[in-house]
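Some notes on the structure that comes next.
A, B, C and D are the chain letters, set down in written order, and residue numbers restart from 1 in every chain.
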Amino acid sequence: MTDNAVRCEAGAARHRFALRIYWEDTDAGGIVYYANYLKFMERARTDLVQRAGVDQRRLLRDDGLMFPVKRCDIEYLRPACLEDEVIVETAVRKVGGASIDLAQDVLRQDELLTKAHVRLACIDRDGRPRRLPVQVKHAFAGMAGGEGSS
Amino acid sequence: MTDNAVRCEAGAARHRFALRIYWEDTDAGGIVYYANYLKFMERARTDLVQRAGVDQRRLLRDDGLMFPVKRCDIEYLRPACLEDEVIVETAVRKVGGASIDLAQDVLRQDELLTKAHVRLACIDRDGRPRRLPVQVKHAFAGMAGGEGSS
Amino acid sequence: MTDNAVRCEAGAARHRFALRIYWEDTDAGGIVYYANYLKFMERARTDLVQRAGVDQRRLLRDDGLMFPVKRCDIEYLRPACLEDEVIVETAVRKVGGASIDLAQDVLRQDELLTKAHVRLACIDRDGRPRRLPVQVKHAFAGMAGGEGSS
Amino acid sequence: MTDNAVRCEAGAARHRFALRIYWEDTDAGGIVYYANYLKFMERARTDLVQRAGVDQRRLLRDDGLMFPVKRCDIEYLRPACLEDEVIVETAVRKVGGASIDLAQDVLRQDELLTKAHVRLACIDRDGRPRRLPVQVKHAFAGMAGGEGSS
């Protein structure tokens, strides 16, 4: 994972979010249950928009807007285990008018565990596609300065 | 668990709901994660009110009513494991004006795994206590004919 | 959804697994949380191998074998909601020596909600790749050309 | 919540653990799903023993020891919502030879959301009761009279 370290040092725009693995995250195989990595990636996205000053709760309550995942392509390389500390690294690949493409990796120190491409959309309470609010767009576009490969 | 078999044969009012344990339910200890029994008990309650003709979805959408758990006292006796088929057995202990008391056991065949007492309330979208709708009250009261101890 | 209906009528080998949406599956957006569709797909895979006589629990305990997902590409088309009954439809795309490729759709009646491609591998307790046990291979291969409805 | 504030000021030994509410924690009622508070309480217990130098992972792997919840009595007073930051406050009530009794509250600032009593036991891989390892006993006993920093 020298690669990852280099990408960070080079200042490519990446959001890093740390979390710990608890019993609730594991399964009888002794490792993190595969669906739970999607929870970790969503926590990182929430943190990212929060830090950019976006209030998802208010957007939901006042404007009825939500930002559901439209597609998620995830590759599982190595498992995370109980009490591991992992990092979700998020890079913006593309910010469109009504969708956002992200690369989200989960790492344990410099070891890549999962690798995902995620597309978010914007919808209203009736599920109709809506243009992204400017603040949400900015939250992600502000990060898109890096080369964002993944 | 002869006791349980007898209670059933005697016609005491009990709702029985079967479910299977999947990987998602287990943890690295190789057994069902302790919080997940509360999910199983909630599935059984949903099934119970559905069978009584109550449409929780409509009550939420049209009347803003929900039936949250106000307290849950649960005892863990033996663990359920991957691929076990378990039964949630629900008995009504008391139907009040604004709350319902249930006894909910989880069993694997005739073996008692967990034992819980659950109190449900009725609230509106603002969290204010409301009287139970008649149909919900009837759904549970219809069951309360048995002696229902547990 | 004519497409899907046609595929079924044409006798393509598909495993169908029904499940209900409970409160635990939903989120504050009022719809099923995106990670939970992966749980549904895993329940269907467990049901599929169980019906083929494979005992995952024994394989884990005696041989230390697990069948983790190596990749999952999922597209979210429409959301499932509280109390919906949905069907997970699984078709085998390819059975290799050490991996299995599946197509898994989640439908509400004839409406396609999510669409996924899933690759399973076989590993031992140390995470080393292993060849698929013959019985597991047969469980899936039997579907790849057969009529396989369930 | 003057009560709680007072207890803190009085220097009673309490472990405090902060966490944030994500979409995964909520349900279609717009609030945290009731089973998930048990996850929060377990995260706090893991943090508590970790800080005391106990390695649960090693105890599981080398000695086959686990510390399951034997009973949990939880009262739900007010709901937590999306993006809330909550605190799990843990106090030791009693450390016995083979079990530990805890009081675990979940608070949002000075507002008490849930209130629980939890009993932990020690078992081996076959589910047989075992005496608590000295280090685990000390982790909790150290709190029972200490000043409870976090």
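Note that in this section contacts are C-beta pairs under 8 Å (C-beta built on N, C-alpha and C of every residue); 3 or more make two chains touch, one makes a residue touch a chain.
These figures come from a predicted structure and were not determined experimentally.
A.B. asks: For the interfaces C-D and B-D, which has the higher count of C-beta pairs in contact?
C.D. replies: B-D
A.B. asks: Which chain's mean C-alpha position is the greatest distance from chain C's?
C.D. replies: That would be chain D.
A.B. asks: For chain C and chain D, what's the span in angstrom between their mean Cα positions?
C.D. replies: Chain C and chain D have C-alpha centres separated by 36 Å.
A.B. asks: Using mean C-alpha positions as chain centres, tell me how far chain B is from chain D in Å, no decimals.
C.D. replies: 25
A.B. asks: Where in chain C do residues touch two or more of the other chains?
C.D. replies: 23-24, 28-31, 35, 39, 42, 60, 81-82
A.B. asks: Considering only the defined contacts, which chain B positions touch chain C in the complex?
C.D. replies: Counting only chain B, the residues touching chain C are 20, 22-24, 39, 42-43, 46, 50, 55-57, 60, 81-83.
A.B. asks: Using the touch rule from the top, collect the residues of chain A that touch chain C in their complex.
C.D. replies: These residues of chain A touch chain C: 28-31, 34-36, 38-39, 42, 60, 66, 68-76, 78-79, 125, 127.
A.B. asks: Residue numbers of chain A touching chain B in their complex, please.
C.D. replies: Residues 23-24, 26-31, 33, 35, 81-82.
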